[in-house]
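So, here's a batch of structures to check.
The two complexes that follow have chain A in common; it is paired with chain B in the first and with chain C in the second.
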Partner chain A sequence: MAAIAPERVRRGRRGWKRYPSRTFYLFVSPWVLGFALLTALPLGYAFAVSLTNFNGVSERWRWVGLRNYVELMSDTAAIDSLVRTLAFTAIAVPLTVIGGLALAVLLNQRLKAVGLFRTIFFLPSVVPVVAMAIMWKLIFNRDAGILNTILEKISVGPIAWLVDPYAFYALIILTLWGLGGGMVITLAALQGVPAELEEAALVDGANRWHVFRHITVPMISPVLLFQVVTGIIAALQIIIQPLLLAQTNQVGRVAEVPESTHLYMVQVYQEFFANNRYGYGSAMLWVFFLVILAITLLVQRTSRLWVHYTVDSEADR
Partner chain B sequence: MSDRRMSRRHLLASSALTVGAAAATPLLGACSASSGRSGGTSGGGKVVTLTVMFKSDELTKEHIADFESRNPGIKINFIEYDGTRLNAMLASNEAPDFVRGAAVGSASGNAQELATALDPYLDKSSVLRKEHLLPVNDSFRWDGRRIGQGPFYGIVKDWSQDATLWYNRALFEEAKIEPLSTTEPVSYDELLEIAKKLTKKSGGKTQVYGLGVEWAWNLWAPISTMILQQGGRLYNADLTETDMTTPEALRALKWYVDFAQAGVGPTPLDPAPDGADLSLFLARRMAITQDGYWFGGNFVEESDEIKNNVAMAPAPVMGDKRISPTYVGWGAFIPAKAQHKDEAWKLMEYYMAGPPSEERAKSGWGIPALKSQMSLMPQQLPYQKQAYETQQAELQYAGQLPDSPYIGAAGAWNPVLDKHLQRAVKKEITVEAAGKAITDEVNKLLRQGKEQIG
Partner chain C sequence: MTMTKTTIAAPTVSPRRPTRRRRRPARTAGAYLLLITLAMLFAGPFVWLVLAALKTKAEWVAIPAKILPETPRWENFTQALTEINFPAYLGNSLFLSFLFAILVTFSSAAVGFGFARLRGRGKRPLFVLLLSTMMLPQILTLIPTYVMFARAGLVNTYWPWVVWGLAASPFLVFMFRQFFAAIPAELEDAAIIDGCGYGRIFLQIFLPLSRPVLLTSFVLSFTWTWGDYIAPALFLDPDQTTLSVAISAFYLDPHGNPDATVQAAAAALYVMPVLAIFLFAQRYFIRGVVSSGLKG
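Up next is the complex of A and B:
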């Protein structure tokens, strides 16, 4: 069965002039102002700081040009943390999106008390991340944690979840705990798939898997793309969970974060607040911004191969 | 219609103008420092608002109300202590007037001229004078090159000699081991052997840790202390370089590696549930913890079983020189850019020599920083009396940790020490290689600090 052909949204200069301009600009101006003040301006400020040796408090700073960027290119601690972050993202995002999809498909069935199950699966994603991390830290505790107590019943462990090499898996598990948020979005998308398309396919002889593979997934692929993009950005920027899972009793301390969960933002945090290197930390953030931008663009470009839009091109003119 | 339309260029230009104006307003406002923050001076009959950044469980609402009632011309705008926010306030010329700060590690800030010299105030004061201050306050002194001499840039509120030990006698009895002496120090090697005997493990789990060293809190200070005890030094003469490959430094690093490999206490490779020793100690799952006098404040509200079994012992030694310094020494300073320094000094006098300081001294949560208040330390309970006597004997060994202005003490050292110690514990590198790596990384930070400060 052929997949639904993608239809591209029209873009280009023509699109700029097609709205009554004053109303359009009035409505977009809050966003434009917000973006300019809260995003563009701090970005510009951070770039300026990245060209200095500013330490956060001293007036004795000076311009150092691109030196921070040059140093970053050979900073093995930063590069290693970036590689770990990319690996974490490559594992966590597919698991999160696929897990959310699986749960959504499951809870899109006509089951008894399905609303209750939807609530139960969604609830973890509304727990604040700090509370969740502390809770999991207790669950993962080697000596008194409930996870090891359960594993002991089947003669496994005890496992030191919070130290290497297991700390990385603990972080992945912690991340998956919040997949109820993706589930809700995917569930909404699933309920928007026209039943007649699936019924027509079934009438044509397709089995359930074929319907899911060639009708359902393409129809919800824009929503999946959204989750992939936001998931990648969130995974790349993760910081609070590694800090909270570490031994430290104070979030600000980065010393005890295990190597496998010493991700890029933890390294940035260390440069800013342990070493007071605001200039270098800003350079790290700018490079990271470019990395995230590149990855996002890459995903957008490749999305043409697997994301299918059903936009009415006539109405879009 | 065309004149009613706004082009993209116009939109961008208008937005840029608006953004520029919005951005310029606070920037221009910053030129006039904190013009909108307070209401004049107390001398002119107006009320001065002091901006105070402290911890609310240390400078309480009751303290603030009492201070304000004694000083009708001063109101306090309280901000919970937050290091990041403090940095932002200092950098934006919106410095608080009175700030929580540590004596150990103050060299960097003082070298950057962030604090006010307090000597003129101390010289004039009738309640808080230089001769009242215990030597622990000398870590707040800075002469432009090093700590320990020159003007005072802060006052310690209370402190502890943080290498001392607290232990649970009941766990020693269970292990059939003689309790630690409360008068004579053990060596670090002896301490590790005792910890091994006290540790109880079963099925891959630890029931009782023999010794906690608060690894997650501070590595730099105890390792520095070990080096000093052996007669070594942490920095070169001008505080611009370190060498952690000296025999003294390697012995200290090796002790930490041995400690972690022995599995007798929490480390990053065997973390404590909440990152600190207290909960394990109170749960009778830790026999000895390396904490200062302040730790005894935790036991006042605990059960008799705890109160009747805890005891304090002197700091262990690693060499011939007995030294037992404070690792922090929390206190307060008045930022150089504070707007109301005279009023801030009144708060300093009240907080450091007035009723709050007496409360602190009586509470047992630390040693007072004033000579006159030593007698207020609690001795009602048997454990308090024992701790008091041990602490009094320990005072003569207080010493002082080195403090380079080019690096942020424990905050900068700890991540480096921890990273390479962990690698040595896991036998990925030797202790010597760890010492070399620590030396290289810390020297890099020192060079950067030197470049910054000049």
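Up next is the complex of A and C:
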């Protein structure tokens, strides 16, 4: 007995030590475990639930196979909300990225107080979503809001900004207000474009627009792609803004969200927490997961046509 | 010294400047006009929030709308603090934000160190997986996580934030990796020769070196939790919840309608720390985000 025990320990330790990756695995284990428990497991769990008629409470659920998915294919409310979400993304993302680029170009000049302007444009992007919703509700308020007060001066309105069809535009405006986050990244990229390159082209007789279009934009295109991709992900999953902008103070009452801002995740939220259809809601989540995956791949593929990587940044990796 | 310097510098500078100035005064004026207009649009919501927070209820609903309050009504702020249990919600927000920020900063730094400085089988595919989870909308996993936690009885406790904190954030991991990867290898080679293990190299050499990144990570994760709405709304009961949920729904007048002016005062109090933190740490923060954004 006594002779076996130390040998076992030694062999065990040697086996562990022989494995060269152990320190690496030890260090990355928080994330690996986190990924397994908080990403892979919930997604797998959601898939399992999507094959049931579970209502969140009752233990008397049963497997229904793909019935939830079949139902989803003819659920006009869900499909409409998906189309609305895609439309919102297709409008909001280009506006935010191009708007951020325009602001960055404006700030990338030899002007005084550039730092002050940059701060003013940037700060809205860090405002927490709840405060953002409260602030914009005060602006969009039909009678007391500043927006209609100004519009009245030019004999427009009053517009009921927070109900159909204007709620959609209100949501776009609110999203655009936060474009400063992207602007800061674009501005840093612009400052990294070598000035000699642009100056050489100007000397060669190119005009400013050509230089911008054919030198500056290609040089910063990886940064723009990053913003397009993250912007799409952020826009697709919008849920809180419509809930909080709706003329209700109770988040549970999803029904009061106007149709034009009833986005896909709002619909999912409604199926889960208003209709208690956990199975169906999970199926909606999985379909959305696949849609997002497809869109991301599509963007990555088509990006080869317009994103330009310098040899430098490849070597950097 | 300074005198001679300026007199020497003057002839070389003076012939250039006037030509530049002469060429673009209109352009410069136009740029400033545009910048000032845009700045007013971006700053407008902050101004309007403060104005609303200083109005009486009658002034807020007056038709035609009043831009400025007759006399600033500071009572709205005291009412915001007393009408609901503001200190308790503030305490919850602070506690959760600190808890999550400390845990996630430390765990992300460790994981980032692993990816930057250590060898391991399957490191590359793991890193690609990490980057792709950055692209996964969190809301997709949040609702199933809620359902799982609810069945495990972890809802209405602060344990979810502990778990999220320990699990590291892919975005912060990436930021730390970028920083650690740029540190010269001689440093750890010398430490290894001295018989120092990787645990000590990480804690005693790399962590002290990464103070700006640690600060950025802390600020970012603190404000994520401070500003988060959906997680506390799902996971916590109204009496355990954070300031973000409380100010969004708990300010009601006796008729059950939103109490707009008091809510505005509360919202102003709620955003102020975030704005202050970012104004203070802007330089670090922008550098951190930019470095991860550029290489992403």
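By our rule, the second predicted complex is superposed on the first by the 277 of 317 C-alpha atoms of A that agree within 3 Å, B and C clash if a C-alpha of one lies under 4 Å from a C-alpha of the other, contacts with A are read in each partner's own complex, and residues count from 1 in each chain.
What we mean here is this: a residue touches a chain if its C-beta (ideal position, glycine included) is under 8 Å from a C-beta of that chain, and two chains touch if they have at least 3 such contacts.
Just so you know, these numbers come straight off a predicted model, no measurement behind them.
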{"item": "Fit or clash - chain C, chain B, common chain A", "value": "clash"}
{"item": "Residue contacts with chain A in the superposition, chain B compared against chain C", "value": "C"}
{"item": "Chain B versus chain C as contact partner of A:Glu256, first or second or both or neither", "value": "first"}
{"item": "Partner chain in contact with A:Ser58 - chain B first, chain C second, else both or neither", "value": "first"}
{"item": "Partner chain(s) touched by A:Glu196 [first = chain B, second = chain C, both, neither]", "value": "neither"}
{"item": "Which of chain B and chain C A:Val229 touches, first, second, both or neither", "value": "second"}
{"item": "First (chain B), second (chain C), both or neither touched by A:Arg142", "value": "first"}
{"item": "Which superposed partner A:Pro124 touches (first chain B, second chain C, both, neither)", "value": "second"}
{"item": "Partner chain(s) touched by A:Thr23 [first = chain B, second = chain C, both, neither]", "value": "second"}
{"item": "Chain B versus chain C as contact partner of A:Arg277, first or second or both or neither", "value": "first"}
{"item": "Touched partner set for A:Leu33, first chain B, second chain C, both or neither", "value": "both"}
{"item": "Stretch of chain C penetrating chain B in the combined three-chain arrangement, among 183-191, 237-245 or 273-281", "value": "237-245"}
{"item": "Common ground on chain A, meaning residues reached by chain C in one complex and by chain B in the other", "value": "21, 25, 32-33, 37, 41, 56, 138, 141, 143-144, 148, 152, 249-250"}
{"item": "In the complex with chain C, residue positions of chain A that touch it", "value": "20-21, 23-28, 30-35, 37-39, 41-43, 45-46, 49, 56, 103, 106-107, 109, 111, 117, 119-124, 126-131, 133-136, 138-139, 141, 143-146, 148-149, 152, 177, 180-181, 184-185, 188-189, 192, 222-223, 226-227, 229-230, 233, 236-237, 239-240, 244, 249-251, 265, 268-269, 272, 278, 281-282, 285, 288-289, 292, 296, 313, 316-317"}
{"item": "Residue numbers on chain B that touch chain A, as the complex places them", "value": "4-6, 8, 11, 15-16, 18-19, 22-23, 83-84, 87, 90-91, 109, 112, 114, 203-207, 215-217, 219, 266-276, 408, 411-412, 414-415, 417-419, 422, 445, 448, 451-454"}
{"item": "Residues of chain C defined as touching chain A within the complex", "value": "28, 31-32, 34-35, 38-39, 42-46, 48-49, 52, 60-65, 67, 107-108, 110-111, 113-115, 118-123, 126, 129-130, 133, 135-141, 143-145, 147-148, 150, 163-164, 166-168, 170, 173, 198, 202, 223, 226-230, 233, 244-245, 247-249, 252, 257-258, 260, 263-264, 267, 270-271, 274-275, 278-279, 282, 286, 289-290, 293-296"}
{"item": "Complex contacts: residues of chain A adjacent to chain B", "value": "16, 21-22, 25, 29, 32-33, 36-37, 40-41, 53, 55-61, 137-138, 141-144, 148, 152, 157-158, 160, 162-164, 246-250, 252-256, 258-259, 270, 273-277"}
